[in-house]
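A, B, C, D and E are the chain letters, set down in written order, and residue numbers restart from 1 in every chain.
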Amino acid sequence: MADVTQQIGQGTFKPKAKTLPEAVFAWLLIGPAMLFIAIIVAWPLAETIRLSFMEAGLGGEEYVGLANYQDLVESRKFHQTIVRTFYWMFLSVGLKLVLGLIGATLLNAAVPGRALFRVLVMPPWIIPMAIGMIGWLWLYNGYFGVLSGSMMSLGITDGPFEFLAYKRSAFYSAVVADVWVGTPMVTLFFLAAMQGVSRDLYEAAWVDGAGRWYRFRRITIPQIMPVIVSMSLLSAIFTFNSFEVIWILTEGGPRSATTTLIIDTYKTAISNFKFGEGSARAVIIVILLGVFALLYLNVLKFVNRKYGTK
Amino acid sequence: MMDKYTKLQTVGIYAALLVFLTFILLPFFEMFMASLRPLEHLFRSPYQFWSDDFSFQAYSDMWDTVPLLGRYIFNSVFIATSVTLITMVFVVPAAYAYARLDFPFKNASLAIFLGVNMFTGAVLLIPLYRVLRSLGLLNTYWAMIVPGVAFLIPTGIWLLRSYLEKIPKELEEAAFVDGASRMYTLRRVVLPLATPGLIVVGTAVFIGAYAQQFLFAITFNQQRELQPLPAGLFEFIGYQDVTWNQMMAAALVGVLPVMVIFLFLQKYLVAGLTAGAVKE
Amino acid sequence: DGHAQELHFIMCGGEVRAADQAVVDQFEADNDGVTVNLEAVPWGTCQDKSLTLAAAGDPPSIAYMGSRTLRQLANNDLIVPANIQDDVIYQDGVLNTVTIEGTQWGYPHAFSTKALYINCDIVEASGQECVAPTTWDEMYAMAEGVVANTDSAGVGLAGKDFDNTMHQFLNYLYSNGGVVIDPATGESQLDSAQTRETLEFYGKLATVSQEGPTAWERDQLKDLFNDGQIAMYVQGPWGYGQHNEDINQLVAPVPAGPSGVSGTILITDSIVVFKGSGHEELAQELAQRITSGDSQYDLDSSWGLTPILDYAAMGKTDLYYEDGIWPNFTATISTGGPEPLLEDFKSLQSVFTNMIQGIILEDDTVDNLVTIAGEELADAL
Amino acid sequence: MATLDLNSISKSFGTAKVLHDISLAINDKEFVVFVGPSGCGKSTLLRIIAGLEEATSGQIIIGGEDVSAAHPVERGISMVFQSYALYPHLSVYENIAFPLRVQKLEKADMDARVHRAAEVLQLTDKLQLKPGQLSGGQRQRVAIGRSIVRNPKVFLFDEPLSNLDAALRGDMRVELSQLHKSLDATMVYVTHDQIEAMTMADRIVVLNGGRVEQFGTPMELYHHPKTKFVASFIGQPNMNLIPATVLATDASGIKVELIGGHQMALPVEAATVNKGDKVEVGIRPEHVALGDNGLEISVNVLERLGGVSITYGTIAGATRFCASLPGDAAIKEGEPMMLSVAPQDCHVFDASGDVLRRKSAPALVA
Amino acid sequence: MATLDLNSISKSFGTAKVLHDISLAINDKEFVVFVGPSGCGKSTLLRIIAGLEEATSGQIIIGGEDVSAAHPVERGISMVFQSYALYPHLSVYENIAFPLRVQKLEKADMDARVHRAAEVLQLTDKLQLKPGQLSGGQRQRVAIGRSIVRNPKVFLFDEPLSNLDAALRGDMRVELSQLHKSLDATMVYVTHDQIEAMTMADRIVVLNGGRVEQFGTPMELYHHPKTKFVASFIGQPNMNLIPATVLATDASGIKVELIGGHQMALPVEAATVNKGDKVEVGIRPEHVALGDNGLEISVNVLERLGGVSITYGTIAGATRFCASLPGDAAIKEGEPMMLSVAPQDCHVFDASGDVLRRKSAPALVA
């Protein structure tokens, strides 16, 4: 095998393709997606921002400067809506995270049947939200729904209870339904994160005498903290903009008890055709979410410092 | 031994799972029960768990009440599948660029993509309508596919990006040294390796597309034959009556294809999600 | 001429009635090369959809929708005025529902008035005689009796964030001599003693109503009525056919309040012709055809609607609405009031739901609620 | 008193039996190393001792007490994992303090113990760092720190050095040996690196395919391997095994002809072989010297390490032979060389791989 | 002709300069090894040669041609990555054929070349397997196969053996050396393992902090390290460095007093030091012998490797000293021993780490 190279490769090797400069190649790759978004979304977005400075309806439009924003800044109702929206978001996201953690822990437990259980968690994520909410409408019905029915037959209440009729109960009922929609995704992402935690760590802790709860608290939680944080941001954006749930259950009522920013925006822009005012609301949503995301990223930094490896 | 549970613990776990799954499946249970009851007995108080007149009648009647039901289910799956495929076509190269390449305005453009995530389709409906009309896409499948794709591209890029980052860079360098062009490398080396990631992201996009159809469908499409299931279900609402039992039956049947798909994919999904979830 | 033209016809309600379909088919047959693309859209999304299309500059040619949208459409120059032929004689008040400052903007096509349905089985089970109440006091007393002596609720109330919450309230308001908008000046008349009395009565009714009226809309009350959960509620003429046959129902005009006589809300849905579709002429023709004479009669009678035209005056005989429960629905036409025509009808609706939910949920006093509602309505005008 | 006795431990995963009836008696304060090729069951055995895995049958007795069903903490063991299994989100201090926090120790007491351990392991100035900021050797020490704070009776180590580079490995070997002395505890150590085994162990357990091949001191294994497996596993470079035929046997030993024709008289017990039997003669690379006659090796590769030169070659063109010669030996690649071997340094294995006992064992110094 | 010349190569990542003005002339068919501690820039330099990284300044000249801006393929190089970088989804056959497919070679031609390479590397029966089904050594060979099918002029290897365990590493070293001979190509090989460097290289480049410390044959580096860094990097166990004070200098050398009091006369060039200067005396562990006088070492740890015993101890209670003694040396842990050293085996380094040239260089055999 003295002249292996002669035998194996005759002739010199010619490169097939001239390589493109990296930046050009990168933009060739991103270009289509960018272009697509630009055509489909960017223009409507720009339009939304432009309209927010207009008094615009079905007819013409007229430049009004910051008047739309001024109205909102001065409106007590709008302030209440913002406060309510954040309350809605924190409560719902919080519950999703807690339930997601519990659910993921359960689905991660080494018990027979867990593959099936994992599939059974999926439906609320898969089913179109509009349809899922019709299911909840049924559940919440005081006369014909199973919840009120069970409460009656268990003697918790005398007569029917109409969940969506009262300001508080409607709000919390909507939260529960929203949590229901969002929990599967959170659960499955947490589950996946938990599966990524090295088994060694648990064994080490076990050898050191740590019980299940201790291991959960001191190993599982810190280990999946980055996922918890990133999921909660994603979930917060989804929840903030959660529309179908409220729209189908209560349309924002009773007495605005479930009117969040996105509902208010939709009502203003689409139902009432006050495009200008609606757009201003949409822009405010993005600003609020942007600020929130920024704050959150700082939290993320802190969390990374606390729970990270550096 | 660490994973061994005492009898009590096992019972506890199953009990907790029961509660958890009850919460998750309760509305489906309710929908299922409703689908079994004859319409005239749907509204009976007090609530009865069980009655003798349960039947699967609605499951056969629904095809008559809404003759296009099968078509709607097909449309739903078709639209979601198309959205998924097209989205992936856009997402894969872009995600690859963000995962691997260095270029001007990298972070800025990524931020723009993510900004799209914060606007929901709902507030952009009217300008969107104008765009679709000027593109001549109204009342076609495209009217539902195109906006779906647009709103799922950012999420897709975000999720897939962290996946591609995990593919050892050396593999690409090896291909580079061997004379492969960038596209050849992407096609022959990167994508085959990213298959689990593609499945994960594809599934997430599919579910997103499947659940997102309603608003776009009712606004951008007037052709009945093209409507997806959520819009089609409204046909169970007539002037006089809402045939709730059939509507519920149709909704449950409509979810079935996706559940079946997921059954096949779930092991990839669960194993692969971590990669997308954490940015490293 | 033989040019192929397609009329886009949005039909709100989610279903195309056979009577309308027949007219459309005939229309297509008579006009060579013309097709009508009939799109049936459920109420929940239909009007938003038509308006969205119009706002986006791609209006349907013709649409069947609630007359309440007319002002908005007209003010924004999205529709053309209707051209109602002289031989079409509407019932009293009907044209008011499509007329804005003297111009008629739509062809009224479906008309409803409301009356009180009473489940005599329940009333009698509570030990009362099943006689139609003529005043609010009588009505309340009957409902109270039901609550006291049976498991059922006295009355079904609609209070959800939905249009018919306002409609239901207006039945009582108009039965108490109330006015929402002064037809002459166009100003808000909501802040009045009549409104206060009505709202106060609503508050009283809420104490004898079904559980949680704020979660219910009118059409769901039917299910409660059928299930024997409520002894009475206000509904349109179609209710009669929807109620279980074994219920011994009594129909009566909405009882009169202390300051008025029995009335009803007059609601119409209209055919409107959109501007800029390119087929306005044809659309007008179709609209006229579908809303006149026999076509309209077929629809009304087959559907069981309050007669929209004065068919007697038009020379028809053997009319479907002359006997049975019908007098309860036709008698109040002349004393009824229109659904207020407001450009921003969603705001109008929320002014009312806010006020009504306020009293049902005991959030505020009648006085405050009415005062606030009056101000809000004035703002919205 | 922390003796550790294994009584007939067997372990199956499903149908695969990975440990066969293993019995060992480990003395108090002994440093025992498990070696063996990959997959032979070392980790499994260690995990069974730790209580992380349940034996299919057999008993674990620690300090005279049967702990087969006990929780790891109750067994009084601690374990250092191959991957260290440090908690990446906790500081060095918290990592070491972890077992004490579990015990809900008082703050002051805990503090004192952590600092004591940190001092011993020279980690005092690293206590506030996260594991990610430490070098490989420092991580190793944190893992050890975590295992010593709670004063276990038996330490278990699973290949703790396999992640380190050669230099650090050498240092850590020394540190661990010193630790063993200062802690005076029983230690069981798993490795597949025979150098580690030789340098650290009081006694070595050689495992092969889930069975104990030999259990003895390093020098016993080096000089008196019981089987061919042990002989070729212990010693670096590996022992050369040269096919040979028995020419004659007598009381003083056997006479063999090696492949290639060289004949030797070897002082081993000849009871189990007969004339004409095929045997293998084992010669360690370091037991040869350049000579004028003896084995003729053709040198293929020559590695000069400075202090020693290692040659790789073949006997009779086929059997590979490695020799380790002191200094810059005067040989060249591609040329033949003659090597002499002292007969008393040779090992002989019969066809089944068992050794013929050597009559003249070298004195054991250790 | 595949000479490889580096002219003043510098490389910065942002503000961090990781390679400083590196110039090397590598001969045709030479086997050159880059060694150095982690982070010294070995991989960076190799990647610059490969064309994977661009030098901040300087030229790469292969076979007399300036290829500084050329694509890897145009340079006629191929590279074996530390991790092998095999395509896990492709079979062995497809892995090896990859560069040929890129080239769109004809099927028959490609087939022939792949099979030829597989034969050379003894992979013929593995062609249908996926990399995941191969052992470490086989993977290594697939990676090499992929690099030889297209006949490169220069082979680059980045720590190809660092993933393997000790035994496999030894085998692979031998295989690579043989490959070098049979391929007759220029090879550049990166490692941080000095044993690999010593055993495989024709010449070694010692890198430190992005600079070339020394470039020479293994024996040159072993016997004539230019700096303290090279001296302590080459040789295993590491050279001992003992602080000393210069007592006198003259033409024959210098006289020093080592820490602990032992005095020695060392035959080195004394031009750069003066009486009273602090120097360090370097003594390799293998260059000592047990004696009656000389250095007094207290032995802390004793490792018996069979053929050799390694002791770790201290001089004067502080400076660490390692000795490698042949056989089972008669010493005990915890007891002192006396070691003698030949003066001509000692190295002397001045305060800046540069060596004082030794007058009596041992003969270089290689």
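Remarks
Simple rule for what comes next: contacts are C-beta pairs under 8 Å (C-beta built on N, C-alpha and C of every residue); 3 or more make two chains touch, one makes a residue touch a chain.
Just so we're clear, the structure is a prediction, and the values are computed from it rather than from any experiment.
Here the chain pair with the top count of touching C-beta pairs is A-B. Taking the CA centroid of chain E as reference, the farthest chain centroid is that of C. Annotation: 56 Å between the Cα-based centres of chain B and chain E.
Chain centres here are Cα means. That of chain D falls 27 Å from that of chain E.
Annotation: 39 Å between the Cα-based centres of chain B and chain C. Work out the mean CA point of chain C and of chain E, and you get 93 Å between them. Residues of chain C found to touch two or more other chains are 52, 55, 223-224, 227, 229. Residues of chain E found to touch two or more other chains are 71, 73, 99, 102-103, 150.
The set of chain A residues touching two or more other chains comprises 13-16, 19, 143-144, 160, 203, 206, 270, 275. On the side of chain A, the complex with chain D involves touching residues 198, 200-201, 203-210, 214, 218-219, 222-223, 225, 306-310.
Chain contact summary for the complex, chain B toward chain A: residues 2-3, 5, 10, 13-14, 16-17, 20-21, 23-31, 33-34, 42-49, 89-91, 93-94, 96-98, 101-104, 106, 109, 112-113, 115-120, 122-128, 131, 135, 146-147, 149-151, 153-154, 157, 176, 179-184, 207, 210-211, 213-214, 229-230, 233, 247-248, 251, 254-255, 258-259, 262-263, 266-267, 269-274, 277-279.
Within the complex formed with chain A, the residues of chain D that make contact are 50-52, 71-73, 77-79, 81, 83, 85, 87-90, 98-99, 101-103, 130-133, 146, 150.
Partner chain E is touched in their complex by these residues of chain B: 168, 170-171, 173-181, 184, 189, 192-193. The residues of chain C lying in touch with chain B in their complex are 8, 13-15, 17, 37, 39, 41-42, 44-45, 49, 52-53, 55-58, 223-224, 226-227, 229, 238, 242, 244, 303.
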